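Below are two complexes that have chain A in common, paired first with chain B and then with chain C.
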Partner chain A sequence: MIIRKHAPFTALFILLIILAGAPLLAVLGYTFFKNGTLSFESLLTVLQDNNIIKTMQNSLLLGLYVIAATTCIALPLAIIRTKTFLVKKDWLDIVFIIPFMTPPYIGSMGWILFMQHNGYYEQLFSSEAPFTFFSVPGMVFIMSMHLYPFLYLMLKNALLRLDGSFQEATLIYGGHPIINWIRVVLPLLSSSYVMAALLIFIKTLAEFGTPATFGKRIGYDVFITEIHGYLSRWPINISAATSLSLILLSVCMIIWYIQNLISRRYTYGTHSGRSISSSQTKDSLLVRIFSIGYVLLILGLSIGIPYFSIVVTSLLKVRGEPLSFSNLTLSHYTELFTVGSSSLQALLNSINYAFIASTIAALIGFCIALYVGDAKKKPQQLLDFISLLSNIIPGIVFVVGLILFWNAAWLPATIYNTNWMPILTYIVLFLPFSVQYTKSALSQLHQSIYQSNAVFAQNNWVILLKVWLPLLGQGILAGWMMTFIISMRELVGSLLILPPSVETSATYIYSQFEQGDVSKGMAMAFITVLLTVVCIFLIEIMQRKALSRNE
Partner chain B sequence: MIIHLKGVEKKYGHVQAVKPIHLTIADTFVTILGQSGCGKTTLLKMLAGLTEPTSGEIYFDDRTIFSKSKKINVKPNKRQIAMVFQDFGLWPHMTVFENIAFGLRGKVAKAERTDIVHDALAKVKLEAKAAVKPGELSGGQQQRVALARAIAINPKLILFDEALSALDAILREQMREEILTIVQSIGSKAIFVTHDQTEAMAMSDSMIVMDIGEVVQTGSPEAIYHAPTNSFVANFIGKTNWVEDQEKMIRPEHIHPDPQKNTTLRSGVVKKSMYEGDRYLIFVEVDGYLWRFYHNDSYPQGTKIKLYLEENQIIPLKKSNHR
Partner chain C sequence: MKKLKLTAMAAILTTTLLLGACGTDQNEDPGTDNTSSGNHVITVYSAGPGGLAENIQEAFEAETGIKVEMFQSTTGKILSRLEAEANNPVADVVVLASVPSMEGLKSENKLQAYQAENGDSINPDWSDPEHYYYGYSAAALGVAYNTNQIESIDADWNDFSDPEWQGRVTMPDPTSSGSAVDFLYGLTNANDDGWDIVQNWIDNDLLIAGANKESLNAVITGDKDVVVSAVDYMTYKAKHDGEPVDIYYPKSGTVISPRAAGILADAQNLEGAQAFIDFLLSDTAQQMVAEAYILPGNGAIELNDRPALNEIPTLPVDWENAEEKQIETLNEFTSRN
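Our next item is the complex of A and B:
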């Protein structure tokens, strides 16, 4: 009976340990154990290397810069979307997700093509840019244009929660609006802000796309590019890679710990009853013009310019010649889809891997979400924590761990160098999406649903088929799609882990951009972002439908 | 059906949510009454099989439903019980009909199900809403559906977990009566968990009063009202006037402003008169305590009055471990 009672936990726990735990242990083991004895040598060597210290500095500084820049972009946006007439335009949020969902390497390539010598800026304005774009500020700018939607959405939701009776109480008891803002809104907002900012920091540390494309051009090395370098450039230096991974892991864990501390101590129940949006706002013309202008500016910079560069490049007959209709062609796309070409093969590989990975992840995520439930018991919390690890630990740490673990000599069989390796990697990296989407669908239901099931249903199959699948189906599907699009374009994992001479669309874009046919690469990039945007809209529609049904 | 609990307790780590309970429940309508956090819902969930007791045994008649030592734990759906929840617990994606028919799967042939569901819907007067989803119904209607779902499976016992708390006052009173009639009509037993003493007294043949994880008194509402065992029960059920702090008390209806036989006399100052529709509730300060009694007329504030206490209604109490 005891075994039966703990069977779901044991099964899921073992599965998660193989998926996520083993790779992390492999990183630890490789760093600290030499021939069976504990040694700090490799970590110390790394910590004494000036180059690596410089890299660490670069990474951490970059994180701080990006927090500052995204704040400058996102805070005004959040205020505009909650306090002006734009408060009702909810579709704007879907548009704002697009830059966040655009693979960072594609956005960065778009900006490089736009600003480089003889790029589209010079062609459009027939003069050189009045500033040097290829610099650290430029890199911060590109990364911020990718990450600001995340901060914006968190700030906006925090501001919305402050509406309603909080707002009314402040109006009655408060003083000058600006004082109210400083005394009430800012303190209540700050915990959300700090949490979002720390996540931005982690995401900056974990990002590969921009440092690998733009950073490389300006010689700005960070953690991730350095780890990638140690594993892919001769002489290969695994212990340096694991040591760096470990440092990166520690930094992220510390940040995550701080974040938890803050959220426990400074998060207030800002749900103040019914929040009837009292915004019968009649904004002045100036406010209107400024709001629209600001939104358009941000969208132009974060979507307009990079997408313009990608599309135009993918359509150009001869690059370098002026932009004109006679210089446009669809031939790059027809070449891309030629049967038997390496490009079509790469695209199909991507779709295959992503399809299998997201299907398995959806299944595991569904089981975990059901088991975790309201996360009141210790085993539930433990599983929840492990399954969400790859949200806080940069993907590259897992990738390094997966390589080490699946190459271990003592394994009787390994999937290394087979097609299952990228699939497994994607599952490990993106499992949190399927867990979280299912969990959020679950959280919209009453707690007593569990008890209703226990009292009235005949057996567990009936509960699964008649209750969970119909109720959670859309959440699961949304999580599946999310995992699918993100797996399809994963770059650094794919670069390191694909079997020899196998390409995916992401590695194809990267290699064509670095040393090949840029136009073909950009045609592939356009296909990728097109798929992404379509999926975002579908997910958004599904989520909204589910919400309105359950209300 | 008679329910026996033998040493049933629940611990969460070191926290004792329910202390060992020895109890026999024989009456048809029983309420478990107590303040929030006293363990009453935990007790109910242990009866339902939703929470596993840390130790002890539960019997429904002669059948062992739970026994820690014999490793028996009958699943909720095999205990022949039904449950009605505070937030209704209806499946939002199913129609009213499907919700009610759900508990009949695998127990009753499909053809029969339709009849049973319509029967249940007729009892709760919601025949017209069979094809509607729960989200389109009002709170009261959803609670009726939950009740219909419970009676449809013809349970021996229906558990109500704060079932009326989500409804407004008028609807609550109306539902009380309906629930009693309907549960009686199917010959089932009902256990209500509530924190509302009026509800408990109105609905039950017997009451189980709980305080900090412990059963402090059981008995009929009348017995408990007239002879509470300790000051906690006295305070929690009905209004108390302290004759001697925490040790002797008297109910308001046994205090009179005019002389009567076998009474003792006290004097006090009127603090407030509160109109209750059919009479006034008068607040009087007596020996430093705030007393209450009923009268047909109000008194101006500050009036000095004499009060006559029926001597045989002064109830001695044990001190409770509650403050």
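Our next item is the complex of A and C:
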């Protein structure tokens, strides 16, 4: 009876430990144990290196800058989307997600090609850019243009939730609208904001694409490029990489802890008064012009310019010649889709891996979400925490751990160098998506469903098939799609763990920049993003259907 | 009620695991597991160059019927993979774009000697006298320039310190390009003032970004005007494709960077690996090397629209025990940069 009672927990726990726990332990072990004895040598050597302090400083500063910049971009956007006539234009949200879905290294390559000497800017305007783009502010700008959608969506949702009663109360009792805003709305927003900002910070620390392309160019080294460097540059130094991974891991854990403290202290029940936005649609002309202008500006900078570079480069016949219609060709796209070519194979591999990984992740996520439920008990909290680990720990730490763990000499069998390795890696990295989506779908269910289950259900399978799956289907599917999209573009892990002879679209693009044909790489990037956008539209349509059915 | 839910979950989980297990059996590609598949598969870790490596792979498969699992990457990533896989090695043959790294593998006893069929026809300067590895091809490092922006040029290495060249020069990053380390090593060993030259470049706003292809791209798109330590075959290839670039070798001499292949000590398919090395040194493969604008290890092979080895002014370089000295070179460079 006891075994039976604990079976779900034990099964899920063992699964998660194999997936996420073991790799982290492998990193710890590799760093601290040399020939069976405890040693802090490699960690100390890394810490004594002068460059490490500088790198750490670079990473942390970059994180702060990016938080500041994304806030400047996202807060006005969130206000515009909740307070002006644009409040009803929900399709804008899909457009705003595109920058976030663009592989960051592609976005920054687009910017580099646009702004460099003799780049597209100079070709279009026949003059040099009036400022130096290749600097730390430029890098912060590119990264913010990639990450702002994340902050924007969180702020927008928070604002939508506090509309209604709070607004009305301030209207009745308060004075000046701006003072109302500062004294009532901002404090209420702070909890959501702090959470989003810290996630932005961690995402900045974990980002590989922009530092690897733009950062390298301006000599701005950060943690993630250093770790990747120790693993992939001659002379190889794996223990330095694991030591750095541990430092990065500690930094992220501290940040996560701070975030928890803050959000616990400053969370207000804003959900209570459910009077949905009494939005006034009578905006002055000035507000209208400003809103539209601002939205267009942000879209132009975050989508227009990078995609202009990407598409133009993918169409160029001779890259050394200036832009002109005679210098354009579709040949890179036809080569991409030639049957039997390595590019088509890479694309199919990506789709395969992403499909299998997201399906398994959705299943595991579903089980975890059902078990964790409202996370009131200790085992539930523990599982919840482990399953969300890869949200707060940069992917590269897991990847290093996965490589070390699956190559351990004592393992009786290993999946290393098989197609299961990338699949497993994607599952580990993106499990939080499916867990969170299913959990949020679960949290919207009314308590009465549990009660009617208990009263009417004949057996567990009926509950599963007739109740949970239909009700949670939308959430699971949304999580599935999200995992699929992100797996499709995953780069830093794929670079390190793919078996021989296998490429994915992301590594294909990267290797085109490293050794091959940039135009082909850009063509592949464009196709991948196109696929992604189609997926996002599908999610959106499904969610809308679900909403209309619920009402 | 709670118990029902939990049992349901346990059931789902078991199904998932079972499905996963079934999937493993079905999806397992016979090629990915080469411990069991005998002599018909070899695994090659090859540091480029893209295109040529694939052509050689196809020709080898057609001739011998042995399937090649190829992992294509940079020298650094291959070394790191070998290190990570030390406990269960999978690679049979390794091809690196840097002889000192090969020396490093040899000194760690990770290679095994093999007297190849055509071994004698291969340039002995690029190969190991004890036959642990063969330099089957080589790139010469020159100065690539954008022909739209520069009409003619014959500057020597130290001329790029002149104010005239300020902000117009780029160089592949030695931390990611093995040939750039070879170049720095050769230049600073052959010239007493070698490091001064390099320092003057850096002071003259030298752009150091990315590996060979990336720095050549900066010149193709007109961002910079010249690449120092440019890999020549890449430039010839781009020129052949119609890009406005060309290359020359400065008079005072340059460095030849050989690409070497060897058999790993842990090779599981030794016969297949030996056949691959034999094929790499055969006239067929050497011809393919030449067609890719690369210098073949066999000097008798006819070249494709590029200067021969004896037409390129070279600096004297001693590759023996170069690994340690190259690490010093790299550290020296990163400390100055």
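Everything that follows uses one rule, which is that the second predicted complex is superposed on the first by the 544 of 551 C-alpha atoms of A that agree within 3 Å, B and C clash if a C-alpha of one lies under 4 Å from a C-alpha of the other, contacts with A are read in each partner's own complex, and residues count from 1 in each chain.
Keep this in mind: contacts are C-beta pairs under 8 Å (C-beta built on N, C-alpha and C of every residue); 3 or more make two chains touch, one makes a residue touch a chain.
Quantities reported herein were computed from a predicted structural model and do not represent experimental measurements.
After superposition on chain A, the partners chain B and chain C are seen to fit next to each other with no clash. Look at A:471: by the touch rule set out above, it reaches chain B but stays clear of chain C.
By the touch criterion defined above, A:456 lies against chain B but remains apart from chain C after alignment on the C-alpha atoms of chain A. Contacts of A:448 after superposition: chain B is touched, whereas chain C is not reached. Residue contacts after overlaying the shared chain place A:190 against neither chain B nor chain C. Using the contact criterion defined above for the overlaid structures, shared-chain residue A:418 touches chain C, although it does not reach chain B.
The superposed model places chain B and chain C at 150 degrees from each other around the C-alpha centre of chain A, with the value given to the nearest 10.
With chain A used as the common frame, chain B approaches chain C to a shortest CA-CA distance of 5 Å.
Across the superposed pair, chain B and chain C both touch chain A at residues 454, 457, 459.
In the complex of the two chains, the chain C residues touching chain A come out as 1, 3-14, 16-17, 20, 23-24, 27-29, 31-33, 43-45, 48-51, 54, 69-72, 74-77, 79-80, 83-88, 90-91, 98, 101, 104, 146, 148, 173, 175-176, 178, 181, 207-214, 217-218, 220-224, 241-245, 327, 330, 337. Put simply, chain B touches chain A in their complex at residues 45, 48-50, 71, 75-77, 81-83, 85-94, 102-103, 105-107, 135, 149, 153, 161.
The touching residues of chain A, counted against chain C in their complex, run 4-5, 7-8, 11-12, 15, 113, 116-119, 213, 216-217, 219, 229, 231-236, 238, 317-321, 342, 356, 360, 363-364, 366-367, 370-371, 403-404, 407-409, 414, 416-420, 450, 453-454, 457, 459-461, 463-464, 468, 495-496, 499-501, 511, 513-516, 518.
For chain A in complex with chain B, the residues that touch the partner chain are 1, 445-449, 451-452, 454-459, 462, 466-467, 470-471, 549-551.
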